[in-house]
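Each of the two complexes below includes chain A, the first together with chain B, the second together with chain C.
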Partner chain A sequence: MGEALVEAAGLLFAWGPILGFLVVLPVALLSGLIPGGGLPTAVVILGFAWTLDPLVAATMVVFSMAASDITEPVPSILLGIPGSRTAQATILDGYPLAQQGKAGLALGASYTCTLIGGLIGAAALLIALPMARHLLQYFGAAEFFLLALMGIFAVGVVSQGAMVKGLLTSTFGIGIATIGYTPVGNVVRADMGLTYLWEGINLTPIIVGLFALPELIDLVASDTRVSKKAGSTLLKESRSQVYEGMLLAIRKHKLLLLRSSLIGTFVGAMPGLGGSAGHWISYASAQATEKGAKETFGRGDIRGVIAADSANNSSDGGVLIPTVIFGIPGSPGMAILLAILIIGGTSPGPSMVTDKLPFTMALVLTLTIANIVVVPIMLFAAPFVLKLASIRPAVLAPPAIALVTLAAYSSNFRTADLLVAAGFMVLGIFMKAYGWPRPPILIAIVLTPILEQYMNIATNAYGWSMIQRPQFLIILGIMVVAFVYSAKMQRGAGSTQETRSEPVDVA
Partner chain B sequence: MMTAGTRRRWKPWKSLASATALTLVLAGCGGGVEDAEEASAPAEDEAAEGASEEPAEEEADPAEDEFDLEAHFDGQRINFVIGFGAGGGYDVIARMMLPFLEAELPGKPSLTVQNAPGGGGLLAVQEVLRAPADGLTFGMMPLGRFFVPDLLGYEIENFDALEVFPTGRPLGDSVFVGCVRNDVATSWEEILEAGERGEVISFAADEPGGIERSVDFLIAAGAPVRMVTGYGGTAEMLASFGRGETDASGRCSTTSQFQELGADVVADPGVTPLWWEEVAPDEEWLEFLGGHELPPELTELPGLEISDDLAIGYQLSRDLSGGRMTYIRAGAPEPVQQAWLDAVEAVALNPQFQDLLATQELKGGYGPPDPFMEAPAVIEGLSDEAVGYLIRFLGLNVE
Partner chain C sequence: MSDSSPQVAGSEALGGTGTATGGVPESQEEQVRRRRIESAGEAVLLGLVTAFFVYLGIDSLGWPLSAALIPRLAVLVGLPLVGYRLFVVMRRTVAPPTRMIMDTGFRSGDDPANEAKRFFWLIAYMALMSTGIVLFGFHTAVPLATAVFMYYFGKVGLFRSALLFVLLLSLVVLVYDVFISARWPQPLLFDPFNALFGEFVRSL
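Showing the complex of A and B:
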């Protein structure tokens, strides 16, 4: 292992990979900062896959993915717009913090968690690689189904005090997710005679319509800045807030950080599940177990940011495991990495941890390098980024609205996506105005296809015998305990996530 | 009269209006499928005019070999439209083909892959069929998915099978072997005996039709097997096979992907090949699987009840699955059609291209478009039962 690591370092510290990182870095940073979606960096790299050295192409994809994951929390925190793949749960506490003039605190904690979470994910990958293949053989469709279900249960947790509303909105989300081809056959559901709906409704226009546009319109209509604090005060306090956020993550909440990172890595490593469920499970777990969290999460509790963002970045290490060892990509970016590996003559499988271990180690080191390089850049740039929270809506809104609308259009280059965004915008405005939680819709849309796929496989492959599997019972037991504990804590929970309630001092 | 307060109230809405205008301008500058539709509308008119003028042109210039192919393709940028997203199998093969096609086509045009996912690939086909009938828009997709239902009389939005001109498949027939885990059974006879006890062997599948039609065929022939559908692809299926979630696999194919991902299960508990389909595996592969003898071809397995209709439907489904079939819009000048046929065949048989395919676990070779050319006549003569089997084995969602 040590030799492979040294060889991997030698492979990486060459002109090819270094130039690749430099080329990809600004694009990836920008990609994560664009609210609602970003540039298809990995797709562009794929276009050059035949002309690039396989190692260079693969490490560029991993680097771009990691870098954009680090920057995705920025629009979540400053504008209340979740990322298309990650940084979704971050808005629940990150945005309220920004509204209270504590955006620096949220960003400082976020960057620190992404750095440490990313390093933990990479380290876990390194440790687990030799035995990952044997370990993951114990988990099958039945367990993946339960883990997806666990993610759906996060609905109840994030809808504290508005459980009924949360369940209703998540049911709506499940309905939206079932439009299009079934995951288990060539049957199209609820297409209403429209070919556009055969592939389902794209997630990016939904995020833009449900979150981005209502938030921006709200800013414009109320003519108030994101932060109630003046720009000069914000700038003055920015560095100290960022530093305070870093310390909170490293010192006061280090156990939460560690636990959330491990959850993100573990869930990300589940073949087919991807990292989407990880940050929701981590957030829900923190809300269920942290002291006083039931009253404070969703109102600007820094622990919510820590729980979500630690899992976000640590899952990058996790999703590499099924991709390189089983050839099962855990995310769209991993699918492109897989294509690049195969084009370069590298078949995923056990040889990735034997003959080709240095190559695999190079991918892990790339994750580490991305975190080490990008996070300090973002920390340095934080005070300038924070100014977004103090910009007048008349100045901020037009380009932001244009950008998010373009993000919705560029996902498939179909005008119908803009109509979808507009429709969800109307829905989002009403939901925001009347206190209906919107995140459960997102959770349901992301996890329902996975849940349905594995539920079908599990019931067909195992039938009732699945409940005799020890691994199934262990995960089920954890879920039951968490649910009972959470339900007990739900009594006397405060108002919903949607209201701009008084700030919570849990720093 | 506009007061200061009124002016302040209007300010935010001015921002919104400017944002909307900015967005519309930027979006209008972008390209997409709708642009192709608008662009091709007048082009369709041109094509229609061209078609109506053709007889006159033919009369004026019956020597088609005077058609200047070089000039037709020279300097052109051809869109290679794929109905699936970037990074997928179709996308990768299309990108592999690009430089070879550019070299083979007269005039050396440049080709670009355009991903147009949606509608299960239908949107990409519609885009190719909306393009002018000049052979300058090229596509690749599982034609059988839409071709056959259309020939059977089912209505598919903006698709007419007779508007498609298949130009060949740049792949050969892969070697697919069905195999079973040795801790479940060690021969087909054991599976039949288990069937008599009411036990059924499970095979992983992604969806009905496709490669797993072999298993569907066995089910239709009364074999004690079943499919567990929903897996996301070969890798997931092999993973499930490896951990014993499913008993058998129809994808013990002669690829390095199986060598990599199936190595563990081949070592322990071991696998037994049950049948092969289309191309027999060689001795080296049988040695890798554990030193077995060549199993029978799928339709020769004992204990199956194979009616004539079942056999016809199954064979036709293999011919008309049209996986990775390239095509252009019908109606292009005949020299252009021939140029594409020649180019695809040359690419398919190019050793360098076949080496690239090997990295994708695919077998090189050329699949001629003849089955699709003959399909209308063949399908017309089928019995209802054979049609039913054809629909089933292609995994088509039609009634």
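Showing the complex of A and C:
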């Protein structure tokens, strides 16, 4: 492990990854600060994935994800508008604190929690690697088939209030993924008479159409943005309190910080949940266990900020565990990372903890570096960065749309990919408007080829006797328990979300 | 939530009129109308998904079992779910609240007319850019459409629009032509950029 870590450091501190970080850093910072959602950085990187070194592409995605996680709570705290779905719980106590003139306390606590939470998440990943290496010795194709199945349906199952929709979109994603030529059976499937579909539908235009374009449309149509004057004023007034907030988190609430970080890591590691559930579960847990929290949470209790933001960033390490080791992405970002790994010829699984261990270690180091670099930047340069975030969406979005259009085309150099992106954009708009979850489609599309590959290997190697394998049965049992437990935890977190989260009218 | 309303502080802080969730309360009639439109839209979506599943199922009859197994399982699981969902959509009287773990809906404000206007402006921009790509190629269409949109809709002024044009064109040339040697499609009409600067770019 030690040698792998040293080798990983050598891989990472080379011109390629460093330039990649420098390119991605300003975009990621800005992305996290834009209210309501960020710029589709990972999508653009995916468009270049086939030209970049796999390590450079993968570390850029991980770095941008970690960096934007640190900045996302800022608009939540200052303005009551989430920077992303993973920063929503921060609003509940962060925004009231800002209204009470204590924005600095909340920001300081947030920066500290995201830094320490992120480091704990990275450490958890580091600890999980040698354990995974032992565990994977007992895994065969049958078990990986089951894990891929779990990955595809986990998101759908835990979509509380939308389980049927989630499962339906997962199966739809499986159907989309099966289009095209398959070496299994040497047949072209569901090509609808179009030669274009013989190679299947490319992933990049699907992501551009389903995710990037609807989000950019939402950004422009809603025209929600940060006021330059108000944001800067709030930041200047809060500067003196920031250090007080940092000390408060480390000294007085260190146990809460640690516990919330561990919850975020654990939830992030559960296939399908990703990071967006971790901060809610952590918040609900703190509310249930901290003294007097039932009365004070939601009214400007710093512990609410600590609980949410620690889990928010620690889950970055957690979601990497199933993605890298088992090939089960826990979020759309991880699905894109998985796609980048596959494009680069790096299949997730046992090799990621054996001969490709330095690669995996490089991802751990990337998480660590992102946290160490971004927090000081935010401490000193937040007013400047926030000014950039006050740029009107009508100005920010069109260049972003131009970039993702180029990304959609450049992944395969086929003009028809633009039509595919347009078609999926229409679908994405419908789904976003009518409350259908989009991530299950993406995760199903990425995992279905892996699912089929392992299914065929398993049936050829074991036949139907694979269901008698003890490992198979144990994983099946864990799947059932995890799904039931996840659904119950989601209901608990969902009821907290429902009772505390009131519409924020900012007109 | 804090007693001091976020509305006032929010309105001071925001330059736009976006609302994180919800907006002006609707009348009963508006709610029923919205529900009907949503149900119709969702029914169309479900119809398309059903058509895809049926096509997949029928087409799979001609494939070897090894290739057909996963698609057929998807169809077998998906069709009943679609049926159930259609049943729910047709029966419901009130648009249900939607709670999703990993996704968000569109943010709605209290100025739907301007939101719709901005929405269609953006769609028009994308349509303009796409048409331009087909007719004149990426080098001309992408920077020009973006710059024109920014000038008329973004109101950024002529200088900044021109600067954006130059920046985007430089990006396309330096990154896509020089760095990754992109293959571009032949435009339907003609490619002004290639005609004027093609030799120069190829020499880089």
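Please note the rule applied: the second predicted complex is superposed on the first by the 274 of 507 C-alpha atoms of A that agree within 3 Å, B and C clash if a C-alpha of one lies under 4 Å from a C-alpha of the other, contacts with A are read in each partner's own complex, and residues count from 1 in each chain.
Just so we're on the same page, a residue touches a chain if its C-beta (ideal position, glycine included) is under 8 Å from a C-beta of that chain, and two chains touch if they have at least 3 such contacts.
Source: prediction; values computed, not measured.
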{"item": "First, second, both or neither for A:Leu338, with chain B first and chain C second", "value": "first"}
{"item": "Chain B versus chain C as contact partner of A:Thr405, first or second or both or neither", "value": "both"}
{"item": "Touching partner for A:Trp198 - first (chain B), second (chain C), both, neither", "value": "first"}
{"item": "Which of chain B and chain C A:Gly140 touches, first, second, both or neither", "value": "first"}
{"item": "Contacts of A:Pro17 with chain B and chain C, given as first, second, both or neither", "value": "neither"}
{"item": "Which of chain B and chain C A:Ser351 touches, first, second, both or neither", "value": "first"}
{"item": "Partner chain in contact with A:Ala190 - chain B first, chain C second, else both or neither", "value": "second"}
{"item": "Contacts of A:Ile457 with chain B and chain C, given as first, second, both or neither", "value": "first"}
{"item": "Residue contacts with chain A in the superposition, chain B compared against chain C", "value": "C"}
{"item": "Touched partner set for A:Leu167, first chain B, second chain C, both or neither", "value": "second"}
{"item": "Common interface positions of chain A, toward chain B and toward chain C", "value": "184-185, 187, 217, 220-221, 223, 332, 393-394, 397-399, 401-402, 405-406, 409-410, 413, 415, 418, 456"}
{"item": "Contacting residues of chain A [partner chain C, same complex]", "value": "35-37, 48, 51, 78-82, 85, 92, 95-96, 98-100, 155, 158-162, 164-165, 167-168, 171-172, 174-175, 178, 182, 184-185, 187, 189-190, 192, 213, 216-218, 220-228, 230-231, 234, 273-274, 276-277, 298-300, 331-332, 390, 392-395, 397-399, 401-403, 405-406, 409-410, 413, 415, 418, 422, 427, 430-439, 448, 451-452, 455-456, 459, 490, 494, 497-498, 500-507"}
{"item": "Parts of chain C lying in touch with chain A, wherever the complex brings them together", "value": "1-2, 4, 6-7, 9-23, 38, 41-42, 45, 49, 52-53, 55-56, 59-60, 63-71, 73-75, 77-78, 81-82, 84-85, 88, 96-111, 114-116, 118-119, 121-123, 125-126, 129-130, 133-134, 138, 142-143, 145-146, 149-150, 153-156, 164, 168, 171-172, 176, 179-180, 182-185"}
{"item": "Chain A to chain B touching residues, read off their complex", "value": "40, 42-43, 46-47, 49-50, 133, 137-138, 140-141, 181, 183-188, 195-196, 198-199, 217, 220-221, 223, 271-272, 326-328, 332, 335-336, 338-339, 342-345, 347-351, 393-394, 397-402, 405-406, 409-410, 412-415, 418, 453-454, 456-457, 460-462"}
{"item": "Touching residues (chain side chain B, partner chain A) in the complex", "value": "8, 11-16, 18-20, 22-23, 26-27, 30-34, 85-88, 91-92, 95-96, 99, 113, 117-120, 122-123, 126, 157, 202, 207-209, 226, 228-236, 239-240, 242-243, 245-246, 256-257, 259-261, 263-264, 359-361, 395-397"}
